[in-house]
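Written below as structure tokens is the structure these notes are about.
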Amino acid sequence: MYNFKNDYAEGAHPLILEQLFSSNLVQELGYGEDHYSKNAKEAIRGQINNPEAPIYFVSGGTQANLLVISHLLRPHEAVISAKTGHIYANETGAIEAIGHRIITVDSVNGKVTASDVAAVIAAHQLRPHVVKPKMLYISNSTELGTIYRKDELMALHAICRQHDLFLFLDGARLGHALTAKDNDLSLADIASYTDVFYIGGTKNGALLGEAIVFRTADLAEDFDYILKQKGALLAKGRILGIQFLTLFTDDLYFNLAKKANRCAQQIADRLIALGFSFLTPPQTNQLFPILPRKVIDQLLAKYAFYIWTEIDETHAAVRIITSWATDETLAANFCKDLEILSENERKR
Amino acid sequence: MYNFKNDYAEGAHPLILEQLFSSNLVQELGYGEDHYSKNAKEAIRGQINNPEAPIYFVSGGTQANLLVISHLLRPHEAVISAKTGHIYANETGAIEAIGHRIITVDSVNGKVTASDVAAVIAAHQLRPHVVKPKMLYISNSTELGTIYRKDELMALHAICRQHDLFLFLDGARLGHALTAKDNDLSLADIASYTDVFYIGGTKNGALLGEAIVFRTADLAEDFDYILKQKGALLAKGRILGIQFLTLFTDDLYFNLAKKANRCAQQIADRLIALGFSFLTPPQTNQLFPILPRKVIDQLLAKYAFYIWTEIDETHAAVRIITSWATDETLAANFCKDLEILSENERKR
Amino acid sequence: MYNFKNDYAEGAHPLILEQLFSSNLVQELGYGEDHYSKNAKEAIRGQINNPEAPIYFVSGGTQANLLVISHLLRPHEAVISAKTGHIYANETGAIEAIGHRIITVDSVNGKVTASDVAAVIAAHQLRPHVVKPKMLYISNSTELGTIYRKDELMALHAICRQHDLFLFLDGARLGHALTAKDNDLSLADIASYTDVFYIGGTKNGALLGEAIVFRTADLAEDFDYILKQKGALLAKGRILGIQFLTLFTDDLYFNLAKKANRCAQQIADRLIALGFSFLTPPQTNQLFPILPRKVIDQLLAKYAFYIWTEIDETHAAVRIITSWATDETLAANFCKDLEILSENERKR
Amino acid sequence: MYNFKNDYAEGAHPLILEQLFSSNLVQELGYGEDHYSKNAKEAIRGQINNPEAPIYFVSGGTQANLLVISHLLRPHEAVISAKTGHIYANETGAIEAIGHRIITVDSVNGKVTASDVAAVIAAHQLRPHVVKPKMLYISNSTELGTIYRKDELMALHAICRQHDLFLFLDGARLGHALTAKDNDLSLADIASYTDVFYIGGTKNGALLGEAIVFRTADLAEDFDYILKQKGALLAKGRILGIQFLTLFTDDLYFNLAKKANRCAQQIADRLIALGFSFLTPPQTNQLFPILPRKVIDQLLAKYAFYIWTEIDETHAAVRIITSWATDETLAANFCKDLEILSENERKR
């Protein structure tokens, strides 16, 4: 039973484990003051052309989201998100638990547009009886596998400036977005057009870890206190530093994402060739093909994946995820099985 | 410069790294549903004679504390702690940030007594103008290196039952407590006399990780939601499971703590022989000797440690911590240096 | 300029002011322990046939909502509401500020149906990654002036029992609901079919005040602490007690609501006669007629009211509210002006 | 049984009720936009020589405290208070419930000194493991009836500026402080030397109400949202406006406080003449005389008051409170009874 359910089914890329091994008995300061963390931050700052950018390493995405939002918003301020956004759909009310409303917008392909933002602003004018929109949260790649184009991000940046909103980008799968075939954004663009974003390690080769990057020191003021208060400051911060240092050495981070995308692309190409359509365009390592229920049922005997949403009585969209660790032979087998099953299905 | 500042200056015990390596490419379910986590929980349940105990693995102590307290207390309920308790002294208001007052008691040696608890209850009778004490938080070993005796824990258990308080034990250094020379408590005792406690991995051989153990299923109801909401549920839960499975195989957890204690004991014995006194009795891997300022200054040239508190104009108490990774030769050197320096000091 | 914007433009019904005067120098205990509060509670308990119902008086609706929800929900639990519900649309994120998500349902006429609730439950199964729906919040009358029928409330009661949800009814305008022409619910029914509800005083003759009524003592356990903690416990609780005692003497509460409804009915009848339609059926003291923009503009020169929502390029729905204090002559003038203006408009 | 337990046993000063009556049917805007509120704010601004000071009326002291603190502090910031401060001793954890630690200082007479503040700052240097002190909360008069002198307030102001702390003054009994015999502060001084303070109405002649005054518009930015979110924005804001307009017409506010103080002074003088001592110096309308237990027991048969604290086996300090409404004849009777009882006691 091979698992296409997610991109965190295995451990870490072997290079990371090797670095953990080789550094293991070196004594370091705790709480992120170690040399590995310092060097990893320098490596990231170099790639975004922002030598002063405050950077913090944390354990996971939900943690990163609640830390940043708790840090930047006052009690009456709200964050705008796609209804499919991770903070709304998958984090057990983490944002409300720290006191803030998420204002959702229905979206196509998991993406928020500048006009969505304008509509939210227009609908929140009855001060003080309504929350005050103060942040836009987007994910790249999105929870539906799609990516933002540079012009789209710039438009969001512009409307956020216009209405004095923070722009926060959840990059749990940022590597996959930035190495997608259709991508025209660089890591430095992401850093320029947002106020804060994070670089996801957990879903791209690390055991755990996300790197939160602020645009300016002002935006990060006292963030160290917030980190500690929310239980996010690891005593052995070195284990995050070592991982990000490894990922940002010799482009490992981007190479791993490329491999995941390439593997997904092969599956997508085969699906297209077989005439299947998709819930959202196949752009990164998350695919949402629409398949006949009967094919799905038979595939589930050999492969694990999620049924995402019903389409009609006989069809559903499923979610297939690849990663840096996906076995390419098994991915090819999956395609072959899919082909056989769908042909059988047609013959009936 | 050798570091006696804390017990998290190095990485993990090599056996743990080996297990991470050997399991690395096995596919597992995420979010703690992996086989390693299941097996690690079984191993712990076996040691506490409580086959139904709900167990959850989290990243660190502050996180464990805020999760448990947020889970068990209603908004008007408060937690009692020693003023030196980690939740009061070292966690940046994490407990208040989730809405609860910490009622502190001045304590001798970092420990809370049953009469302290009774006094707090007596002082909180002016309902509804005062908070309602509903939990007792203790640490074993304490933040001052001391340990609870069985009769002391039983007395706390009894008064908590009497006043309907939860008894929560922070075991960030539980291994060191249970392997101390003076200890008469077993892990099963800890599990019997508390409502919830945790077993600290971070300070005893793991890269990160604490195991939260509830006494009954009722006490843990819906704790999985709380874990996820507070950003504590790791996608790759396997990395916590693998570590605790390793620690609870062949008594590794206790053997590592014993080594740390033994090393501390050797230093303490030498200090006693040299005529020095201690802020609190040297019982575990945290020592608080009182030294002449001049000796301290010279030691700091070769060794890193914290000055804990001023005693008088010429003396201060310092904190010396050993761990499973402490180099015994360097610890012996430290003792030798200490002896020379203190003799020199006397001669003046 | 006569004000139809709301039902709180004047002070209190004169009988209430008289009671405040006549009791003024009697010494009473503070914090709701006064005799007036006790007697007012008895009066309400009598009307709901529940002699043990815990009752608390508070200052306003937002306060009542946040108190009840903070009291009954654990951190990961969410409340279901119509998107037009006061807690979602008009309270500045008060519920999120105490940590809870509001799950909204799109609704017809401001009402939630049992099938809405079932759909929310079905959509929140991915434990623990989603919030846990645990309460249904409804308003009667709703924010759109409509009311619940007995069969509708019973269906909501049944589905809440089935899924272990609390049913909480916001009765800021409960008097208007229970005295509406189409109403078939009694105050005792409201008390039977909900877990907690409140009786609004502010919008029906009081200076301020809402009476929160719990179905059982268990449901109200420690609510006094929550009241005090959220700043809702008035030192001079007598001023709430005196008002509710007056309102629940000789049916004043229901008579005032009847008067407001009657006045609204007269306006609605005239609007219907003139051929206008309504955004929602005119059932209580809040009317939402759809009028030509040109008529609206001219009316606004003499009368104050809110434009509620655009209908098309030439029409909008407005909100007209009457109250116990509405001047019936001026209401008749309003109807006359409306008739003249709309006839003029037609002639063009 | 005459009640000296508190200063909120009666209703409102008759002039206030008269104004409520005479304004009752005037239509006004809701939520504090009424003319009475505007005029009351102007009246207060005139007395503090700060024509731009943002002012907000709220229902009670706990509400005022939690609003201001929630508004001004970020999540990791803490407020310093005397251990006897109302926010610590009497508000059911309201401040912790909005996320902030109260750092208490042991105090003499309920007052905080500049050196107390310096000590707190010194003890919170281990960033980011400790909370960040960011506000000083004081009460004038204090919960023990004492008052701040101008030089004391100026010293607190100076140290708050030095350490970038907000200075917040709880004036629930500000009238009593400013009309005390020993007072050398004016209302304008209070406004100059604090960042925010409030003028208590509830304990000095109003039915309910406190007036929160900010020093600058910046300090109050978006406070209207916070007010609404915490359930503190009354629909009929007029009832607060009318009361403060009345209190700040013809010095009523200060005259009522003077009367309460004068009455307390008479009792205090008699107690001194009888040779009794006090827990804290008798300066305002709260007295804490130390009396023999036997005298206390007999007094309690005719008068209601609180036993404050035990002094020794035969003595306790009690709390006697007077107000604008205290019956001077009964106060004289109380003194007489006290004299007789204490003489009898001595004769035994």
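Order of writing sets the labels: A, B, C and D. Residues in every chain begin at 1.
As a convention for this text, contacts are C-beta pairs under 8 Å (C-beta built on N, C-alpha and C of every residue); 3 or more make two chains touch, one makes a residue touch a chain.
Keep in mind it's a predicted model, so treat the numbers as computed, not measured.
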item	value
Centroid comparison with chain C (C-alpha atoms), farthest chain	B
C-D or B-C, whichever has more C-beta pairs in contact	C-D
Centre-of-Cα separation between chain D and chain C, whole angstrom	34
Between chain B and chain C, centroid-to-centroid distance (C-alpha), Å	52
Multi-partner residues of chain A (at least 2 other chains)	75-76, 91-93, 97-99, 128-129, 131, 225, 228-229, 233
Chain C-touching residues of chain A, taken from the complex the two chains share	75-76, 78, 89-93, 96-102, 126, 128-131
Parts of chain A lying in touch with chain D, wherever the complex brings them together	70-71, 74-76, 98-99, 127-129, 131-132, 222, 224-229, 233
Contact set on chain D toward chain C in their complex	2-3, 5-6, 8-12, 14, 17, 20-21, 23-30, 59-67, 91-94, 97, 202-203, 207-208, 225, 228-236, 238-239, 325
